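Given below, in the form of structure tokens, are the structures.
Same chain, two partners: subunit A is paired with subunit B first, then with subunit C.
Here is the complex of A and B:
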């Protein structure tokens, strides 16, 4: 029998949401301060409204302190799924009032794209937008990439941390407690923030010749979008704006750092570094990056798109790292990327679909699941070749030696198949609107895997249903389905339960 | 000979493509055509018109880089009540630093940048610059100096924000004094 959630369940969810909204309200003081410093009074008013909504909803939620019951698995998943719907909805308020969006849906599309670290954008006239609004768009990448719920875990004590942590698609605890793991994740982010912004800022000033203030503005925006594998950029021409190999390379390093699991960051910081190359996920991602890069380079070479090896290497390398890490920066206009047919298109689409590492800021199927799936298939093949009754046992290294169980293999394959279904969903809707197969598939994979590269389908004039489909893809893909399904189950139980 | 043939081909194309016109120093090519059919204009001298936006990046090699936007916002800014017309349409431009010195402030928030006509050679996937695409400018003509734009606060939004913040402060105080369970 389906049990309808009772008032205590709702109180638990409301209280947890109250904490998270309060944290976001505090984080939103940053763009407000930016608007004050820049004397940008129009965005200032809309930031004030947004903070007011977050703060009042936060305090309203905190009124419903649960009596005894602690946050369990299903509550946590529902909280995470609702957070990732509510924060973009409320976070779109300054964007709506900016005048740079066709309507509330377009503004929420960008806020969802920002928070889920996708990078597809419906903003109009980005090159004249207020810097505080640009900062808010990029800050959404940072909040989403590092995990707003994780931030709440660091700042608030209380039960239910584990379920919230897993709800945000983090697969492994690095340290014994979830709070210390969350604290480590934010420490890694802040260390990279200081180093990344300093290096990019110096390059922007010394090499690109930007004024100091503008150099650090660009550095901060690009850092947020690169390390959190987001893909928004402060100018409409994305990374193509900078016309600099060294700036692109530094950005690529940050993209790779963002696509690495925080477990691997921990190993690099404190653990034995030799583990790095034994790690199943590292080996898998090295193999898939090499494969997709070769595919793309050969495709570009055969098509004769670049006439020099240097051009082919630089452009191919950057685009593939951007696609595979799930960032979505491009040094090319969408119209040019749309012309990459054949193997180059295949390489880019596969790279986007596979994505980065588990427990990273990247989206997509993830290298760990690919590695486990390949190992499981290899096991099955070995089993067929061996005498009946023979047992094939497989171990792999991922935060220590582990046994590949049938349940684990099944779980990895199920999520991988769900991603394929998600990619096909968006492609199907776009095909229904008359877009070509190649562009429909590319854009759908880009949305579902939270990448953000575009061949021109995603734009203010695309059909409303397609906008909503891409938003759903970004949300479900970022949460890796579990929290999304939990919310659907919660709502269904509320309607049909007894 | 090949260069001459390319020029003739592009000139013929100009007559067929919509939106092209004759500028002061040659054929005016819309930036949208350069983005969609860039290869056709490779190594050909063209003229583009639009607003300079973003930054003026003066580099040590004696060149200045910036971005030229050829879209409706270049002439009719959103802040100034211009219509929403989709994403920006821009290209990268490089010019000798001496050409860029003394230019009016570059376009950005509350700033309409200078509207310029730039003549130069279109470098498509330039092998000498790692496959970058840009306009190598040799001549610059300022059509309009650009101007500062005003954008005041939205007082209704401001008042709503204050009201909600005040409400949340009252609720916060109540929560601290008597944490409710209902």
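Here is the complex of A and C:
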């Protein structure tokens, strides 16, 4: 029998949401300050409205203090799922009033794309959007990538942090307490922020000839989108705007850093470092990057799109790193990427579908699940081939030595299958609207794996149902299904429960 | 003193992390260059 959530359950959820909305309201003061400094009064008014909504809802939620603040698993998952729906909805207010979107759905599409670190965009005339609005779009990447709920964990010690942490699709707790883990994640982000923005800013000024203010604006935007594997760019031509090898290289370093798990960052920062290359996930991602890079570049070579070694290296390398890390930056226009048929298309789509490492800012199936699935299949095969009674090792290295249990293997395979289903869902809807198979699959994988590369399907003129489907894919893909299912279950129990 | 050593350790760790990231990207770029050279030569 389904038990209907009672008033206390709703109070727990409302109170936790109140805390998170308050944090987002405070974070939203940054674009407001940017608008004041730039004397952009129209965006200023819309930011003020958005902050007012966040703060009011935050205060409203905080009024419903429950008798116990500690969240259990279902509360935590519901809070996370609702946060990731409500923040893009309210966060789209400044975009709606900007005049750069076809309507509220387009604006929410971009806000959802920003928060889920996808990078698909429906913005029109991006090159003339107010800098404060551009900053807000990129700040959404940072809030989503680092985890707005994790930010709340750092600031509020309240109970139930673990469920919120796992709800936001973080698979491993690096330090004994969730709060110290969250603090470490933000420390890594801020160290990369300082280093990344400094290097990119200097390159933009010295090499590209940008004036200092403009150089650091672009550096900050690109950092947010690269380290959080987002993919928005301040200009409509993405990374192609800069036409600079050194700028692309530095961005690639940040994309790789963003796609690395925070567990790996911890191992690099504080040791033990000797297990780095024994780590199952590190080995898996190196193998899949190598495989997809070979596939893509051989495909490009066969197709004869790039005839020089330099051109082939630069385009193939950058696009594969961007796809596999789940970033979605491109140095090519969508129309040129759409010409990458055959093996190159296959390599790029597989790279996007697989994604980065678990507990990183990247989306997709994740290297850990691929590694566990391959190891489980290999072990089964070995068991069949070896003499009866032979023992096959089921141990693997991932933040220490661990045991691959049948339950763990099953869980990894189930989530991988759910991702495949999610990719097919978007592709099916696009096929129904008459798009070709290749472009339908590419764009759907890009949305579901939170990548953001586009071959031209995602645009203001695409059908409404397809916009909504991609938004659902971005949301479900980012939460890795668990929190999304928990919310559906919560609503179902509320309606049908007793 | 312990806190200072902690900071120093983190700073060294962060520098190593950046080095690791740069080495990985250079390695992949070199690999891409080799594939591109082979593919172009075969074509």
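Points to keep in mind about this one:
What we mean here is this: the second predicted complex is superposed on the first by the 491 of 498 C-alpha atoms of A that agree within 3 Å, B and C clash if a C-alpha of one lies under 4 Å from a C-alpha of the other, contacts with A are read in each partner's own complex, and residues count from 1 in each chain.
FYI, contacts are C-beta pairs under 8 Å (C-beta built on N, C-alpha and C of every residue); 3 or more make two chains touch, one makes a residue touch a chain.
Just so it is clear, the structure is predicted and the values come from calculations on it, not from any experiment.
By the touch criterion defined above, A:294 reaches subunit C but does not reach subunit B.
Ranked by how many residues of subunit A each touches, subunit B and subunit C are led by B.
In the superposition on chain A, A:191 makes contact with subunit C only, not with subunit B.
Once the two complexes are overlaid on the shared chain, A:213 sits clear of subunit B and of subunit C alike. Touch criterion not met for A:395: it reaches neither subunit B nor subunit C. In the superposition on chain A, A:307 makes contact with both subunit B and subunit C.
In the overlay built on the shared chain, the residue A:100 is in contact with subunit B alone; subunit C does not reach it.
Look at A:278: by the touch rule set out above, it reaches neither subunit B nor subunit C. Within the superposed three-chain model, A:249 lies in touch with subunit C and out of touch with subunit B [touch as defined at top]. 307-308, 310, 312 are the residues of subunit A that lie in the contact sets of both subunit B and subunit C, per the superposition on chain A. If you check the complex, the residues on subunit A that touch subunit C are 187-188, 191, 195, 249, 252-253, 256-257, 260, 265, 268-271, 273, 276, 289-290, 293-294, 297-298, 300-302, 304, 307-310, 312-313, 316-317, 320-321. Residues of subunit A touching subunit B in their complex: 11, 25, 40-42, 44-53, 55-56, 58-60, 62-67, 97, 99-100, 102, 121, 123-131, 207-211, 214, 218, 235-237, 240-241, 243, 245, 305-308, 310-312, 314-315, 331-333, 335-336, 459-461.
Of all residues in subunit C, only 9-10, 13-14, 16-18, 20-22, 24-25, 28-29, 31-33, 35-37, 39-40, 42-43 touch subunit A in the complex they form.
Residues of subunit B that touch subunit A in their complex: 35-36, 38, 53-60, 64-65, 67, 69, 71, 73, 77-79, 84-88, 90-92, 94, 107-111, 125-127, 129-134, 151-155, 157-158, 160-165, 167-169, 171-172, 174-175, 179-182.
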